[in-house]
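Remarks on the structure that follows.
When the chains are written out, they are named A, B, C, D and E in that same order, and each has its own residue count from 1.
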Amino acid sequence: MEANSAIKEGNAVNVREMIEEKKSKRSMTNVIELIMPKVLLAIATISILTTIGILFTLLSETIEFFSRVPFLDFFTGTVLRPLSQNPEFGVLPLLTGTIISSVIAMFVAVPIGLMTAIYLSEYASDKIRRLLKPMLEILAGIPTIVYGFFAFTFVTPILRELIPGLQATNILSPGIVMGIMIIPMVASLSEDAMSSVPNSMREGALALGSTKLEVTKKVIIPAAMSGIVASFVLGISRAIGETMIVTIASGSSKNFTFDITQSMQTMTAYIVEVSSGDAPSGSTIYYSLYAVAMTLFVFTFLMNLLARYISRKFREEY
Amino acid sequence: MALSQKVNIAYNEKGGPLLDVNTDKKIVYNTKDLNLWYGKDHALKNINLAVYEREVTAIIGPSGCGKSTYIKTLNRMVQLVPTVRISGDISYRGKSILDKSYKVEDLRTRVGMVFQKPNPFPKSIYDNVAYGPRIHGIKNRKILDQIVEKSLRGAAIWDEVKDRLNENAYGLSGGQQQRLCIARCLAIEPDVILMDEPTSALDPKSTLKVEELIHELKKEYSIIIVTHNMQQAARISDKTAFFLNGEVVEYDETDVIFSNPSDKRTEDYITGRFG
Amino acid sequence: ACGSGNEEATTETNEQTASDQTEATEDETEEDATSDLSGSVVVDGSGTVYPLMSVIAEEYMYTEQENVSVEVSRAGTSAGFGRFLVENGTDFNNASRQIKDEETAEADAAGFEVMEMKVALDGLTFVINKENDWATDLTKEELISIFHHDGGVTKWSDIRPEFPDEEIKPMGPNENHGTYEFFYEKILDKEDLVDHVNLQQEYSTLVNLVSEDVNGIAFFGFGYYVNNQDKLQAVNVDFGNGPVEPSLETIGEDAQYAPFTRPVFTYLNVDNAKAKPEVLDFALFVANNVNEFAGETGFAPLPEEEVQAYVDALEGLK
Amino acid sequence: MKYVDAAVVQKKMNSRLATNSIAKTIFLLSTMFGLIVLAVLIFRVLSEGITWINIDFLTGRLSTHADRAGIMGAILGTLWLMVVVAPVTMLIGVGTAIYLECYAKRGRIHSFIQTNISNLAGVPSIVFGILGLTIFVRALDLGNIILAGGLTMALLVLPIVVVASQEAIRAVPAQLSEASYGMGATKWQTIKNIILPAALPGILTGAILSLSRAIGETAPLVVIGIPALLIPFPGGIMDRFTVLPMQIYYWTLDSSLVAEYANLAAATIVVLLVVLFLLNSIAIVIRNKFQQRY
Amino acid sequence: MALSQKVNIAYNEKGGPLLDVNTDKKIVYNTKDLNLWYGKDHALKNINLAVYEREVTAIIGPSGCGKSTYIKTLNRMVQLVPTVRISGDISYRGKSILDKSYKVEDLRTRVGMVFQKPNPFPKSIYDNVAYGPRIHGIKNRKILDQIVEKSLRGAAIWDEVKDRLNENAYGLSGGQQQRLCIARCLAIEPDVILMDEPTSALDPKSTLKVEELIHELKKEYSIIIVTHNMQQAARISDKTAFFLNGEVVEYDETDVIFSNPSDKRTEDYITGRFG
């Protein structure tokens, strides 16, 4: 017995029949259906290949580097003289340069970013927030080369007026400008964290007669702590990886010092210096590029992991 | 005695049920000992139900009782949820649809579905209706034109939209959108139409229109409709199944269910004592 | 921009003369066939020579060969040799010192011939801050003692008691640069520099450092001084016969500033020149025009015979 | 017994309120700080550069003579770079997003790729430069041409496109895809006909943002190596090139050679900022215009 | 005749109402011709209502009638919504609270509020209760200890939490959380407690506990409670106001409202004919 009734007789077009008929010819659709997931999987693995590519290039050359320069010498050496006749490859000057510039940046970005976030999330009216936020985002979208130019031609001269003894190239000015660059990132991530604290929490505190400041300090910030801290860590990670600002405004002295009026080099700026000198492959200095890049990669990788760990682990449950 | 126990079925050569011997009516869907779990959550329990051709079968029951789950099982949409496990059997026109070899795309071209919230595509009215035929390979513009007109007429919305076929479907009112969705479903000339609370997002006037439409459609299609509006079930359906906690408490002629239910729980529900 | 009228004219000529109805716009090149070249010429190396070579390259592209691309980079002499002395390396390497024996050996190993072309004379210039009114005249020995690791000088007063009792800040280009090597080999006789010398990759950084630091003193090619006379002053050097001011007149192989005068070079990959007519053509253009541009970029020109010898040698390669 | 003394509460109230208003002012000033810096920065750049911007500067060739230098080469270089970056990131980014959102089972592979992408987003751009130098420039022996630079940039901005596309796809209501499946459409048909068109505005927004990031990046290109003087205009992706940020970099460095280079750098910054501003405006327009209507 | 029309008030020297002359009862809140708009949406219309000391005043009415809006006006929480406009007057203990010079922080220390969903802070139980006293400058740990104990006892939850004061409040059950919120509110020794459907998120057992607690609290505090559980209003309140579409339809002794309402709409609502 034929189950499919032919009730649509007399119609100008019999769609059902046409569909049945086309179905047999639609092997193409089936093929696409089969291969598409595989094609897409292949595409999705490109991101993994990128990571592998990074790890592989960095690792293989880094290993070669450490076969020439002992591991300990690299990580405990305070002298970096890669190009000299008697080269020395101590990474500590770069590490201090990197850490000091990032710390300076965070001294700018953390308080200002956090206070900006508080203002936007707790004090500003909807209208003002909608006006200010995109303007701050512009700050985040400015290319770092522009900040480098700004640090070198504007901030440094001003700072030199204020701080006698500040070198023409120094770590302070790029540190500060990096901080400014990071403000929007800290502000917007912290603001997200604070706005996602439920309103009922705010109302509960306000109903007890709290001022907005008290609500923010005692309820909102503790509740949003994980997100706020994560934003700081991401900010540091960003500062560590920032290149052009320091390259332009801090010169290439490899001082091992904690004096922020001095020029210092960061890991990123070292990479720029060595690669714009175009180190001949095979030389130790060439491999040092990869060792430093590997150190940088590990640094930022750990920071990003930490940020993710913090925001997941300490997520408040409300 | 409830209908599900009264049914006496003739089977086809492959063992699929086709005909109710008692009433001589063609059976579209036959569900046998269907169980369904969402993860550990036992959402459908031992469902047995026969759906007849060119009738409106209503499924009623309190929220969460499994109505949507059941109706989505009939076109295997429920399997889009990854955690779903199913046991038992559903045969459609004598073939088991839970069988791996039954292509869902095939099933769904024969079994159309209309959802609770009107969900037109963010395309023009025309493209909405032509969507189904197109994906099934019909490209000829003339034929598509005819299909679109016929479907929109079938869904009783042609007159309202014929001058704005190229406008975005989101410009329509909720009730119009729902009829457009019905038209979209008619365009592939299904055999069965599943409707999951098709009027619950609509105002009374639009509801009435859709109900009238269902009455019309029944002449050509078998319709299964979920509703928690008892009056609606009473008004438009031929048979009614009452679900509770994933079980079919009672399944019978709509008249019987509403005037003389055999189960106390059915009566309680219908008279509004719970749910 | 000024020269645009000229440019357009040239452009037109070149567009019309798709094949060979060309007349060379300038008549220094003798053969018609060469005036319709294309392709690219890659020049890297000395930052000291960069201003001279970039001006010549620009002139060549603007007026001579529209379709030849001469790219000039300035990784530094030694770094440049790194890119030059390999297979498929750069076509020219500018150098502010002569090629070393081991570098020549590398070229031999790579299997190509290198031609040395002197392009101009440069005076190694010591620059100090404009406000420095004591160190304007120094003897050669005094200068050397500032930079020599054994010079025993850390303060100005160590040089002469009447000088201020302040730390000297010696600076210079880093080891990527031929200038450094010239200084190290020819002036310091391969003795190490003082530990606290501040070596930079970019000459601009040095200019800035000295122009902003009264106690700074740096050395580099005369050209960088000429272009920054408003920010810096040069030290007049006493070679035994009284102070000599570095200038285009005093810089010369037999002139008063001779002890600090050095030739600057460009090295040509002869095999490339034979294989690529545009490379040879550019080499000829350099030889023919270098004296014209030397002065404006802060170099003393070479004797005409010397330049003519290069022209002849290059013509021989055709 | 009363513990809370109303009088004490009253007394404290005023100082609490005062603290609150002071804090509010400080917070507002902090917010303004960033904006003021922005204003100063833009003002500085404009005042140094704006008078140098004219048609000849925009359309002219590069030159060592400040008064006839133009940035057409850098503009074209930037454009050509985008010709590589845009399709490559779109293809890989959207493909990855579709895979993650529509095909991958939530489980190991899914979270592995997802974690990997967020890690990539945090890798410093200079490390991508080293990757590009090692793989594209040297190992594949492409040299420092647009293709090599573009591929490097594409990988760098890939996470932006992936994340934006994922969000856009996730925002497409399930009822739309259900409707499509309900008509017998296959998965790919549903993705192609329903999900992607609906997610397109979000995807485009992400793509534009990633492009503006790529346009402004300098560090990876410094590593790859861009000539300081390159006069001819690039004509294709196999040509060597320079881009606006690199030109800014070199002119800033060389401002000690020729003072006017500082103005050229500032003028180029103005052009770069205008380009970025336009791109972002387009992104905002797209976002607003096609904001979900379902 | 409804209570709101029966009131006969004695005024204080500043013109604020203090005493109902008819009953000699102290008036805590007096609302006069209160109108409130959310943007263009007229949410409260000409409200006139007097709330008496140490009584439970219940506010009932269908969803969206303005109950929450009204009660939030009493501690000016409603003004957190930027679009709100208010006309008319509310006086609390004889002083107009809508006056700009009346500090909201001040008002809210005297008028505590308990919300529909329990909203403890993500802190320890102790810190939750100590929050209020602390912001008001009480730092002495001994005194805080006493306040915390007294408040938790007052909220009938002391025995359940006394051994885990330093644990996070989110470890408590919903009912316990709600009583904790009441304790938090008691800790600043308010005069009035506003409660917006305090039991609607709770199970019946917890609801009972909170109701008993309200009965206790009434001895010391004036309580205004919003509820849409009619039985609850009948059980616990002294007076009941019935709101409809932003208006007070009827306000009277709870007995009167539930046994003998004077307005047809009140009767309809109470007997479940709408809402």
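General observations
Keep this in mind: contacts are C-beta pairs under 8 Å (C-beta built on N, C-alpha and C of every residue); 3 or more make two chains touch, one makes a residue touch a chain.
Not measured: the values here are computed from a predicted model.
If you compare C-D with A-D, the chain pair joined by more contacting C-beta pairs is A-D. Ranking every chain by how far its Cα centroid lies from the centroid of chain E, the top place goes to C.
Rounded to whole angstrom, the centroid-to-centroid distance between chain B and chain D, based on C-alpha atoms, equals 48 Å. Chain C and chain E have CA centres that are 86 Å apart. The mean-CA centres of chain D and chain E are about 52 angstrom from one another, to the nearest whole unit.
Rounded to a whole number, the gap between the C-alpha centres of chain A and chain C is 40 angstrom. Those residues of chain A in touch with two or more other chains are numbered 29, 211, 214, 276, 278. Residue positions 202, 208 of chain C are each in touch with at least two other chains. For chain B, residues touching at least two other chains, in rising order: 106, 109, 136, 188. Each chain pair that touches appears in this list: A-B, A-C, A-D, A-E, B-D, C-D, D-E. Across the complex, chain B is touched by residues 1, 3-5, 7-8, 11-16, 18-19, 22-23, 25-26, 29 of chain A.
Residue ranges of chain C in contact with chain D, taken from their complex: 1-4, 7, 40, 42, 50-51, 54-55, 57-58, 61-62, 67, 69-74, 202-204, 207-208, 224, 227-228, 230-231.
Considering their complex, residues 103, 105-106, 109, 133, 135-138, 143, 146-147, 150, 187-189 of chain E touch chain D.
Interface residues of chain A, counted against chain D in their complex, comprise 29, 32-33, 36-37, 39-41, 43-48, 50-51, 53-54, 57-58, 61, 111-112, 115-116, 118-120, 123-124, 132, 134-136, 138-139, 141-150, 152-154, 180, 183-184, 187, 211-214, 234, 237, 240-244, 247-248, 268, 271-272, 275-276, 278, 281, 289-290, 293, 296-297, 300-301, 303-305, 308. The part of chain D that touches chain C in the complex is made up of residues 56-57, 60-61, 63-65, 67-70, 225, 227-232, 240, 252-259.
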